[in-house]
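Take a look at these structures.
In the two complexes that follow, subunit A is the common piece, with subunit B as its partner first and subunit C second.
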Partner chain A sequence: MAQSKNTFLNFFSGRKLIIGVPYVWFISLAAIPLLIVLKISLSTMETASVSNMVDWSKGWPSLTLNFSSYQFIASDALYVKTYLSSIKYALITTIICLAIGYPFAYFMARAPKHIQPTLLMLIMLPFWTSFLLRIYAWKTLLVNNGIINNALISLGVMSEPIAMMNTPFSLTIGMVYSYLPFMILPLYANLSKLDIRYLEAAADLGTSPLKTFWLVTVPLSKAGIIAGSMLVFIPSIGEYVIPELLGGSNTLMIGRVLWDEFFSNNDWPMASAVAIVMILLILVPMALLNKYQSDQASDKAGA
Partner chain B sequence: MATASKPQTGMKSAEKEELLRIEGISKIYDGTVKAVDDVSLTVYKGEIFGLLGGSGCGKSTLLRMLAGFEAPTKGKIYLAEQDITNLPAYQRPINMMFQSYALFPHLSVWENIAFGLKRDGMPKDQIAERVEKMLGLVQLTKFAPRKPHQLSGGQQQRVALARSLAKRPQLLLLDEPLGALDKKLRETTQLELVNIIEQVGVTCVLVTHDQEEAMTMASRIAVMSEGYFLQVGDPDTVYEMPNSRKVADFIGNVNMFEGVIEEDEPDHVTVRSLECIHYVGHGISGHAGMQVGVALRPEKVMLSKRKPKGDYNWAEGEVIEIVYFGAHTTYHLKLASGMVLKAQEINSTRDLSCGLTWGDKAYAHWSNEAMVVLTQ
Partner chain C sequence: MSHGLNKYFGKAWMLAVYMFLYLPIVTLVIYSFNDSKLVTVWSHASLRWYSALAADADLISAVWLSLKIAFVSALMSVFFGTFVAFALNRYKRFVGRTFLSSMANMPLVMPEVIVGLALLLMLVSVQHWLGFPERGLFTILLGHALLGTAYAAVVVTSRLKEMDGRLDEAAMDLGSKPWQVFTLVTFPLLVPALVSAFLLTFTLSFDDVVLSAFLSGPGYNTMPMVIFSRARLGLNPTINAVATVTITVVTIAVIASSFYTSHVERKRKREMALAYSDAIR
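Coming up: the complex of A and B.
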């Protein structure tokens, strides 16, 4: 008796409590909702509600699983195409963000120490205005009679406006613009910790600055590159607002399909199935990242 | 080739060939911090030159200018008669072994050593051959596939050495090469390091703040303070004949008396200090009435219970401390003036000091040639 009372007390003693809080948070706000979505995706239209989650009709709890939504996704070429297209845009966004963000982060990390906080501030400055507003502002820049086209025409560079809005171009610009800070911040954090002595050692061994960059700086910032790429790639796949506002009807992205299933067709099982497949798509790069990080960790532990 | 421009203090042979010449080099940081102040130096082929000095005296800065990581504010650097002052680091035939090793963490031991060779466009088979040879030299052959963090401190140190030697540099720079090792490992590694360096036959400039390390490893040393050289010479000379109070104080243990020259003759001088009258058996560059320091090494002080004969070079005191070191024992003698005089006795001859113990009265005495008179 005393024994069990002790374990009970132990459970609520400080350490366990603190470790427990994130678990409670995760289970109640991530794992359980996810399971609910999974269950809904395996239901029919009629049974797709939280109260119908478990079937009591036989007198005991049972789950009726219905795979028709998944079958439909797999059989309809449009879904497959949309998923591929989402991955394509997410990849393009990630690559462009990396190409712009890396030099950006590099020079930020090399800037005089006292101006670095200011530069960091400037990176985060866009977050001070609403995301929607900023995306909408791009519209006024990119439309046919928008600022860019008007300026180019009045300068005589061309006579006809270029159709930039509602194209893959406008979509990509919006995505890159929105997600660039998420690439720069982890890269900056990583590069500012890069020990300058490695660069000196490379120079000492006869490596030109450019070669040193590829042979030393880039490999040593791999963790930052991976973190930044994940932070851009994962939310990019499911992005809804940017394709909706800037992408037009010919850019296919899964976020918009999701929206349509939920709010236009009211087909919750289908929408949930689309979401679950998207999560699976995201899990692949996540798993790779995890493996890389645990490899790193076990390398360190072996030291 | 040898230009006899400098006084070649302590050179075993004047025939030595000059490799590195530094002329009036200075480094001023941020317009105010004088890290290195008008230093000139010649290093000869095949020697291990030690740069010795306290923390912040500018040793690393001087070395980094040689490597090409810092541009001198003033002055010139010549390597084998060629002006390399403005040559970027990656074009200098000089390699450096870093204080913290700076081994590339993402590359294996093998790749670390091969790194510099690959940049030279050396054929693959030659690279492999050279790397194997370097690994053999530092006895790390079986560690080749490991990453640096999987090695012990001493092993990392040897990889760093192998990496800096792999390109066969004309000049090897070592910044506190043993700084990260514990004391016992340091002592064995010192000799090992000297062995390897001599095997390869590379000229070295070695930075250290440990005077024992400089003494055991270097064939010539410079004692540095506040950015300039106090004294340059071979370790014996610097130890036996320091040219200033600072050097005497920095190198080894010393008893320092402050006094005034009374007699100044060509063949001897006498100095009166609070503790005693010193009779120095050789002439010095000074004059009567001059304020000087008299430096006396503890191992040159003898102890006895009987009062020494004569009026010079002895003092009476009370034993207040006996420190046993194994091979020798150091006695601390408190003199009437309040000064604590250290005397070091070899333990096999300890019976000569008549079994002195705490609280005993004792006389310390020393020979006419035991002291160095310091005018600055």
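Coming up: the complex of A and C.
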């Protein structure tokens, strides 16, 4: 290796380059942009221009911090209500996804080995087809003269259409539908590794199946439950497209507030402050996700 | 265990979930062949909305733009994602490793509105200082590539983890230089993962509406942006037609790529078995 130290190709396989490239990529496209959001959130509409990011007027770089956007968020009842409502919908989505996804992943992991790849692909396939088009499809199903209402009326189940669109119901269906695969995949990864001998041991010792499930299976799949829940919960909080297309004006979601502050009001400091508060809300779930994802990874390495 | 009941319940549960997942897609496809102007009321079968789609210049130019962006940003994503995967897999200890891995995870879960806002504010600052880039094709590419890098890294990482490290070692023992090990051993073994990473990031880009809306400039409307603005206004049968076309193409691509991957895998296993049996003889 030493004799060809100067060749380009040797440099290519070098440690510095392999670490350096992603470093530069993520610092310039992720770390610095987030710092800029933080900075803009601490300025006012008048001073929030990129030209005076740093104030040089005193001869040295200084930052003027202005908390007015944050004060406004804290004092305005609508912002607080919208954050709470976003957390509520994200929680409901996570719980329903877990309730549907856990049994599904459990049964999938117990299905005959040779059909499991097909079952998995059938879960992945909708995930590959456009998310936006699938949300649009729900709109055609749920509107008042939509496919579900028309079908129920023509079957004589009812005479008047049920108002399902633009309600918390339509929003929740859209969110559960979109995020369900994110719950199922980590749960399946976890449950398919579960050592069946633990369950057999419990059965041999006379434990009932239900008790075995609660006392053995569920605790052993804790990493999968937490990873899946966080993968659903975190992006749900800031969801924009689903509430915009299915939620109507009565369902409050913070992603839409950020969008409107930016695109309709052109208020960059407010949009940035809304984003920073949202990031603070998801920090703990993010840390949980990182911890349990690396746990799962090390489980895999150990197995 | 009460196997019988459990088994039927399990099958019914799985069937119900699959129906829930596929119901919207199936209705979308069926109603694309509906002649009625009302998207949700069936009259009779026709290709009316496909000819409307063929005449829809806005939508078609948006599709081309989206295809271009998806192709280039998927290439970029696979390139940078492979670097991330190698950095995090090959080197277990370096300064800022946790920082790099959490930065690489961030775009996977961070709400897209935040990623879009942050990137836009950064690009506006850069434009202010350097005079470029103008908002448009390039800025959308960067945003999609950032998102795609994170996904590509996940795909390549999982492949690197299950790869047989002994092959690299054997090549090195036989006197290969590190770049030869990469081009002759590691890279060929990675190809299936790179292909699926490319397909995944291509579809992500082709589907993205939020990042594009933040990062695009006047005159640059991607297909999802056009569909989103129409879907906001109401139902539109042309969307059903364009949906059916995309769904068909994606389904064929995914199935073909999974056949390709399993084919490559089988071939490699056969060759390795042959090599081992030669070695033993």
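Note that in this section the second predicted complex is superposed on the first by the 260 of 303 C-alpha atoms of A that agree within 3 Å, B and C clash if a C-alpha of one lies under 4 Å from a C-alpha of the other, contacts with A are read in each partner's own complex, and residues count from 1 in each chain.
Operating definition for what follows: contacts are C-beta pairs under 8 Å (C-beta built on N, C-alpha and C of every residue); 3 or more make two chains touch, one makes a residue touch a chain.
Quantities reported herein were computed from a predicted structural model and do not represent experimental measurements.
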With the two complexes superposed on chain A, say which partner A:Ala203 touches: subunit B (first), subunit C (second), both, or neither.
-> both
Regarding the shared-chain residue A:Lys211, is it in contact with subunit B (first), subunit C (second), both, or neither?
-> first
In the overlay, work out which of subunit B or subunit C sits against more residues of subunit A.
-> C
Given the touch rule stated above, what does A:Ile100 touch, subunit B (first), subunit C (second), both, or neither?
-> second
Is A:Leu220 touching the first partner subunit B, the second partner subunit C, both, or neither of them?
-> first
Would you check which partner chain A:Arg15 touches, where first means subunit B only, second means subunit C only, and both and neither mean what they say?
-> second
Would you check which partner chain A:Asp195 touches, where first means subunit B only, second means subunit C only, and both and neither mean what they say?
-> first
On subunit A, the residue positions that both subunit B and subunit C contact, one per complex = 203, 209, 300
So, in the complex, the side of subunit A touching subunit C is made of residues 1, 4, 9-10, 12-13, 15, 18-19, 21-23, 25-34, 36-37, 40, 50-51, 53, 100, 103-104, 106-108, 110-111, 119, 121-126, 128-141, 143, 145-147, 150, 177, 180-181, 203, 209, 230-231, 234-235, 237-241, 244-245, 255, 258-259, 262-263, 268, 271-272, 275, 278-279, 282, 286, 289-290, 293, 297, 300-301
Residues of subunit A defined as touching subunit B within the complex = 195, 197-198, 200-209, 211, 215-216, 219-220, 222, 299-300, 302-303
Under the touch definition given earlier, write down the residues of subunit B that touch subunit A in their complex.
-> 67-69, 88-91, 94-96, 98, 100, 102-106, 115-116, 119-120, 147, 149-150, 163-164, 167
In the complex with subunit A, residue positions of subunit C that touch it = 1-2, 6, 10-11, 13-14, 17-18, 20-25, 27-28, 31, 38-41, 80, 83-84, 86-87, 90-91, 94, 96, 100-107, 109-114, 117-119, 121-122, 124-125, 128, 142, 146, 149, 161, 177-179, 181-182, 200, 203, 206-207, 209-210, 213-214, 224, 227-228, 231-232, 235, 239-240, 242-243, 246-247, 250-251, 254, 258
